[in-house]
Amino acid sequence: MDTDDLRRRLSRDLDPEMREQPGLSALNQGIVGLIVFSILMAVAETETALVEGHTWVFDSLSLVLFVAFGAEYAARLWIAPLNPRFGSSLRYARTPAAILDLLVLISFLLPLLGLEAALLRMIRIVRLVRLARLGRYSLALQMIGAAVTDRRYELGVSVIIASGLMLLSSTALYLAEGAHQPENFGSIPRAMWWSVATLTTVGYGDIVPVTVTGRIFAAVTALTGIGIIAIPTGILAGAFSDALRRARGRGD
Amino acid sequence: MDTDDLRRRLSRDLDPEMREQPGLSALNQGIVGLIVFSILMAVAETETALVEGHTWVFDSLSLVLFVAFGAEYAARLWIAPLNPRFGSSLRYARTPAAILDLLVLISFLLPLLGLEAALLRMIRIVRLVRLARLGRYSLALQMIGAAVTDRRYELGVSVIIASGLMLLSSTALYLAEGAHQPENFGSIPRAMWWSVATLTTVGYGDIVPVTVTGRIFAAVTALTGIGIIAIPTGILAGAFSDALRRARGRGD
Amino acid sequence: MDTDDLRRRLSRDLDPEMREQPGLSALNQGIVGLIVFSILMAVAETETALVEGHTWVFDSLSLVLFVAFGAEYAARLWIAPLNPRFGSSLRYARTPAAILDLLVLISFLLPLLGLEAALLRMIRIVRLVRLARLGRYSLALQMIGAAVTDRRYELGVSVIIASGLMLLSSTALYLAEGAHQPENFGSIPRAMWWSVATLTTVGYGDIVPVTVTGRIFAAVTALTGIGIIAIPTGILAGAFSDALRRARGRGD
Amino acid sequence: MDTDDLRRRLSRDLDPEMREQPGLSALNQGIVGLIVFSILMAVAETETALVEGHTWVFDSLSLVLFVAFGAEYAARLWIAPLNPRFGSSLRYARTPAAILDLLVLISFLLPLLGLEAALLRMIRIVRLVRLARLGRYSLALQMIGAAVTDRRYELGVSVIIASGLMLLSSTALYLAEGAHQPENFGSIPRAMWWSVATLTTVGYGDIVPVTVTGRIFAAVTALTGIGIIAIPTGILAGAFSDALRRARGRGD
């Protein structure tokens, strides 16, 4: 097998647009696995209890991943001219996907240079999204995306309604509880922390109203929170139901 | 350009009903931005840590906003006769929208007079809603409003069911926990605070049952809370789904 | 106006089945108002801070309500023969509705005899449900009832699935946390309190896992809780959507 | 009645596939009742406060259940040859259902041998699922299963989105709160416990952000949590709505 054959085969295996069959090639599946593993490693590395005494394990694995992703990056540059959408390696290197891959490579080098970069390492998550778009999950993501986009104004209005309610309930609690709990409700921005936790029904309970007036306002806020959840859920439910019906043909 | 021309142009820019194109004019977009900014400022002003040492910033910005909104109010009065719905400035001044705008103007003056008026300043939120009704979000708001109105009796019944369940669970917890936690469950109104937090699945955890009987009643309440959320969500989902189908034509 | 005329008029006003127009008569609307008031009073009476020093107010109001509901009960007995469904006052007196009304009357007498009966007083809530079924809300209640009944097996299965998941997560947390928190997770029934709070996403936080294994199981439980809420919500949403379409005619 | 007649009758009563009528036979209903009872007993046995002084009750009931389930197991082996799907007792004994039944029998013997096996006893739950599939609930379970399967890719994508958001919010809180609360947010895995509790809207409140930055990130996470719940709920609502319409015929 000569170099050109290898390049064409690699192109079909690495670039989903060059692949005849639908779905993800075995090579890309392996890369997805490596990406997931690299994310888990980046997560684990922040926990000193896990790293302590095993730094050599993490360092070795980082090196292996760096080499693997480096090889992948080089291979993608090499096969780029075969895809008519890029034409040349340089044009591919300037795509957001390629820049992201380069940043991920750099993120492996930073800790070796003694630099801490938790956020940069989290770019690996974004890479996952890029690959998750391929294969069979692509249609599902497109459907979810289309349903959300289709109702963007309805969702936007429900965000505006929710923001307004959050401001009103923060103001109410600031007036009712501000004097009793200045630390927690002494200003509207402070009361907002409680308001978000209540309207989303998270309800941490670290900050709660203690006066009767405050609790009545809080009860109204909590009940309103059901609507805050019900409205976007209802909008999306209608959108998904509709998206599917359209996908199955207008005759249904 | 003479005065009449300016007035007509201003009318087209300020009054969405006089505008030929759909959507919000650049001038109204700027006003929406100012309103959002004035709300954020009203919120920030309640936090002494932010205001301290920067009172002159807040005072100057208040003055700027007062002048801007005053100019807007005056301009709307001036152009009102051009809109056949109002005819005269006086009739416009008596509309709820104009009265709201006047109240907002007054809310800017109150702090200068040394009066604290958090609630009055929050009227600015209502203004946002009024403007959010314009432009592209108008249709989305109408759809949400129509879906909610369409099912008002179903939503009303689910409120009655929820109220009944709240009373029943408060009574149950009052009977089960009243003797152990008189402060929290010593009467039905006291138990209601816990009941609202549980049925809405907020669950602050500031007040929880400690007896076995109380916990069994609480578990039933928590499970019932799923229905309390599921029923209005289901009603709204059906309503949104239906509203969209109608909007796309009955042939679908 | 002679006695027979009064009786017939009263029958049309009190008995919705004898009324020609749809909706609730003015008299029945007044009775609904009295019932709501009597419920609120029963709730308020349990709070000693409200009753103290105002016992005469509560006693007088109780007497007024007792007389009013007594008169209503007597009137309903009197007009019963006019409704062909009952035929005689005795047959009406044996219906569940009439027995409930009698129990409510007794509940007013008990405190006068020095007996405490919070639960019995709560029967008044059930009365509300009976009257809420009348008038315009009747159709809404029927629609909700039909949608829930229509999917009773799906909802039943989702209850079975939820119960199974609750048992599994309780067992998992009992095994993971039992040794560390014997008070909270020392047995499966104890762990269930935590499990219900988590699966319903109430999340009081009075009892939380502290070990790594326990937290991993708890995270899985919390994520499963989304399904526990999503499945009945989805079932009901589909049912409501379908019920409305049927109500509007199959041609849609 | 000779042995063959008894065997055939038992086969019709025990094996739903050999029964002419739909629904669960009286004998199988009794077995379902015994299974539910055995699960409740297994749960109760872990609570020492209940067992203490009543060990003989639990031991006797265990013996009764062991004998009953042993008899059922033997009977199912005996009647297996009558069902053409098995042909012989040995082939039936090798089915997962029969192996599960055998494991449950063993789980009754373990405590008698002085071995603690909470997890093994919980296999009884799985048995319930197997029997719940029979009778009228079978169709409901199939519908739920079909709706979930039908949208597995959409649900899979929403799991991927949720995981990504969980990682992002954990990283954000680790960066914002790590220095202030090293015990709770000192690493990404530690921050995940908080992140799961917030995104699922459980909100225990045992760990909460205290810095302003942390609270802003947490508010965004809590609001995102609404989408995390709304998207799968919407997908399932659409799926259930569609599944029912298909079941009622494509003409609707």
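Just so it is clear, A, B, C and D label the chains in written order, and each chain counts residues from 1 on its own.
Note that in this section contacts are C-beta pairs under 8 Å (C-beta built on N, C-alpha and C of every residue); 3 or more make two chains touch, one makes a residue touch a chain.
Just so it is clear, the model here is predicted, and its values are computed rather than measured.
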| item | value |
| --- | --- |
| Pair from C-D, A-C or B-D with over half of its contact pairs in common with A-D | C-D |
| Rotational angle, Cα trace of subunit C fitted to subunit D, multiple of 5° | 90 |
| Geometric centre distance via CA averages, subunit C-subunit B, whole Å | 30 |
| Separation of mean Cα positions, subunit D and subunit B [Å, integer] | 42 |
| Sequence positions of subunit B contacting 2 or more other chains | 192, 201-205, 229, 233-235, 237-239, 241-242, 245 |
| Chain-level touch network, classified as line, ring, star, complete or other | complete |
| Contacting residues of subunit C [partner subunit D, same complex] | 153-154, 156-158, 160-161, 164, 167-168, 170-171, 174-175, 186-190, 192, 198, 201-205, 208, 215, 218-219, 222-223, 225-227, 229-231, 233-235, 237-239, 241-242, 245, 250 |
| Contact footprint of subunit C on subunit A as seen in their complex | 201-205, 233-234, 237, 241 |
| In the complex, subunit A residues that touch subunit D | 39, 42-44, 46-50, 118-119, 122, 125, 128-129, 132, 136-137, 139-141, 143-144, 147, 162, 192-193, 196-197, 200-206, 228-229, 232-233, 235-245, 252 |
